[in-house]
Amino acid sequence: MSNPPSAGPPLLAIEDLRVDYGAVRAVHGVSLHVAAGEVVALLGANGAGKSTILRTISGLLRPRAGQVQLDGAPIHRLAPARIVRLGIAHSPEGRRVFGNLTVAENLRLGATSRTDRDKVPADRERMYNLFPILRERMHQVAGTLSGGEQQMLALARALMAGPRLLLLDEPSLGIAPLIVRSIFATLGELKRQGTTMLLVEQNINVALGLADRAYVLRTGEVSLTGTAAELRDNYERVAEAYLGARQ
Amino acid sequence: MSGAVRLLAALIGLAVLAAAAIYAPAVLDDYMVRVLIVMCINAVLVSSLALGNGFTGVFSIGHVGFVAVGAYVSGILALPLEAKASLLPDLPSWLASWYIGFLPSTIAGGLVCVALAFAVGAPLMRLSGHFVSVATLGFLVIVNVVLINADDFTRGARTFTGIPMQTTLPWALGWLVVTLVVLARIVYAPTGRAYRAVREDTIAAQAIGLDVLPTRLSAFVLGAFFAGVGGSLYGHYLGSFSPKSFYLQYTFLLVSMLVIGGMGSLTGSIVGVIAVTLLSELLRNLERGMDIGPITVPPLYGAAQIVLGIIFIFFMIFRPSGALGDRELRLGWLLGRRNSSERT
Amino acid sequence: MSPGLYIAQQIINGVSLGSLYALVAIGLSLVFGILRMTNFAHGDMMMVGAFAALTIGAAGVPFEWSLLGGIAIGALTGVIVERVAYRPVRGAADVTLLLTSLAVTYILENLGILLFTSSPHDFPIPEWLDSSYEFSDGQITFTQVNVLTVVLTGISLSLLGWFVTRTDMGLGMRAAAEDMQAANLVGLDVNKLIVIAFALASGFAGLAGVLWAAQAGVVEPSMGFTPLLKAFVAAIIGGFGSIAGALLGGYLLGALEVFIVAFLPSELSPYRDALVFSLLIAFLLFRPNGLLRTSREVKL
């Protein structure tokens, strides 16, 4: 496990996080960190607690115990809108674009939290260049887009917040393989430009292709962690960590 | 408890109640007796409201519509013939010459409500959530409009009067016991479990083979019967009323009794009735105005209702399922069953 | 009277009535859209607005200003009710929300009785408003209040239309109505949006209340109930939660009511409200999503 190179605290640090969903313990005792410029993948089967962690980071859920820190300052008691303003944007599972609004209006709302309004037009232009199809569909109501296009819009909407950390929840879910490849190519481009990401994925191959490091979760706990390269060379252990075949 | 012991206990309980009801007027003053009668009638109405609203989870706010129908139907039937001729001269002849007493007219009021509830419920019980509430409120308004406009039968918006004031404490208490026994038998039998299954999870209930519509409809119809009975009792208690007597104020009063007591509980209904009645009687005195030392407080009309409304909201915030929620007080032996041991 | 003129007169009546229904229905839909809440207390904002205007007017303030006062106090009451009663139960079961609003109705109406007694009060209108227009030898007439109603409704609805399509806040309100969590995730302050929705809805209701009182000539604590129920019908006809649907439903309902009274046998007229609610029930059963609502199904 690589430690952040600089002496300061990592961009995002989670310590001993415990989250309940009603009576169900979804996450118990997860610690992880993401350094600036890094892409970290959270892998695991359905119900392992991946989405719960992202939703807790964004403030949609309150942890029962543990901490979420951004730049060393705790954020786990803040409201979601406040957390977005601090620089964490979340592209949620299932895309969740605003189907009654147009593509342009969705992007506009993505930037609603920004204080540097003068940079918004340039960022919008950047989004349309990253996803040219969105420019074509600019005035179309988002509900009429295809699944892949909606995923691109969800990504672009999150990026319009100008985030320091991008949370991605299953961007490949329910999307044709060809489009998945194209979306991950774009994510790779974003990574080269220095965007920090925490990526939740069930598709191990594409996730490890993009990420620097990964954590594997099983039933709410970290069961394996390492660099993407290490895990790529050791699928057997990943599968084991996924399903708990032998332990 | 064995069956025989339970039966004996129930009989003793009933005997005590009957004795209390008969001798109470001798001991208590008139005011207390009147309060007790109204409480019994309201308990009939609230527990029958609980059947649909609490146990099957279809929140109707049209119950008072049935109460009104029960009151008017039994009123028309039980009006002495001379009074009928002078008060309702335009009645069709078959009705004008027909007179039946208190008990038959009460049952008739209930049965007319059953028929009406079938007709109204068959479509409405398909709805749920907000929509059934809005639609049943629509039903209440329709009943009100019809009562006001069906002059020949109801004297329209004018006071309907001349009904023999026959609802004594034994009658009211008797009907309350009948209501509670019938409802308890239903609610804490397999039918009742079906009701709650439908309330908790419509889809799961369907998956285990429960038909949602008949389940909800049966509760709605039975509730309507007792609403009609309660309406007749109320009419025979007041002697005179108008469509205004059975509208929003009364609706809110009954709903607040239901919600404060606990929607999924018959004893909760009683608790709610007692609590809200005591509170209203207390506040009513306050409302009349009074002197506190040198200060004269003027009459505050509406203050009692405001306090009730605020208490209601506190319940919504802190205890939305009411004082008892789904639990029953352990008075179950009175009804011949140990209700409290059953939980959803 | 020629049939053409008669019909023209009925259209004028329908538009005037429909404007009021639309104003009230839009408020219901705004709040339902964002909170999934059936707000029974909405009609009482009409009563609050009308009594506020009456009280301000009684102090010698010109009608224009007391009208504005009615709108402002209606809006303020809505915001206070949201903060005090609705926010604490937000996210609770449907029935809890609905009952809370029922209790708020009860409190507000009895507050009206406490302050103003339950009997109707005269609602004076200034001379310039108390006139009417006559055409074709009096075969077509409408009052200045009718004109004011239609004009003010037009202005308010245009402002609302601008707000929900051109401003971040308005777009955000529509976004939150569609997906509250996703709205949270883009950094919209949902509490603020809800407060604005209540302020707008209640302000519209306040305006409708003043106009209603100006037409009827009286105000009373229970005046909001019937229009509220009509607004429910209008909102459900159009598609509950949809602003455009509420607008359409309001005018359709206004037209329908005028039609019932004008063209059906006169024995049916007193049953107008009963017919309207039968229509509501029919819509709930056969077209619960209303005429316009397409994007999301109402769960039954």
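In order of appearance the chains are A, B and C, and numbering begins at 1 in each one.
The definition used in the following text is that contacts are C-beta pairs under 8 Å (C-beta built on N, C-alpha and C of every residue); 3 or more make two chains touch, one makes a residue touch a chain.
All values reported here derive from a predicted model rather than from experimental measurement.
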Most remote chain, CA-based centroid, reference being chain A: B
Middle chain, criterion being Cα centroid separation: C
Averaged-CA centre spacing for the pair chain B and chain A, given as whole angstrom: 55
Between chain C and chain A, distance of the C-alpha-averaged centres to the nearest whole Å: 43
Approximate Å spacing (C-alpha centroids) for the pair chain B, chain C: 32
For the chain C and chain B complex, residues of the former touching the latter: 38, 85, 88-89, 92-96, 98-100, 102-107, 110-114, 117-118, 222, 225, 229, 232-233, 236, 270-271, 273-274, 277-278, 280-281, 284-285, 288, 298-300
Residue ranges of chain C in contact with chain A within the complex: 168, 171-172, 174-175, 178-179, 181-190, 295
In the complex with chain C, residue positions of chain A that touch it: 58-60, 79-81, 84-85, 89-90, 92, 96-101, 105, 108-110, 112-113, 143, 157-158, 161
Interface residues, chain B side, partner chain C - complex: 57, 59, 61, 123-124, 126-131, 133-135, 137-139, 141-142, 145-146, 148-149, 248, 252, 255-256, 259, 300-303, 305-306, 308-310, 312-313, 316-317, 320
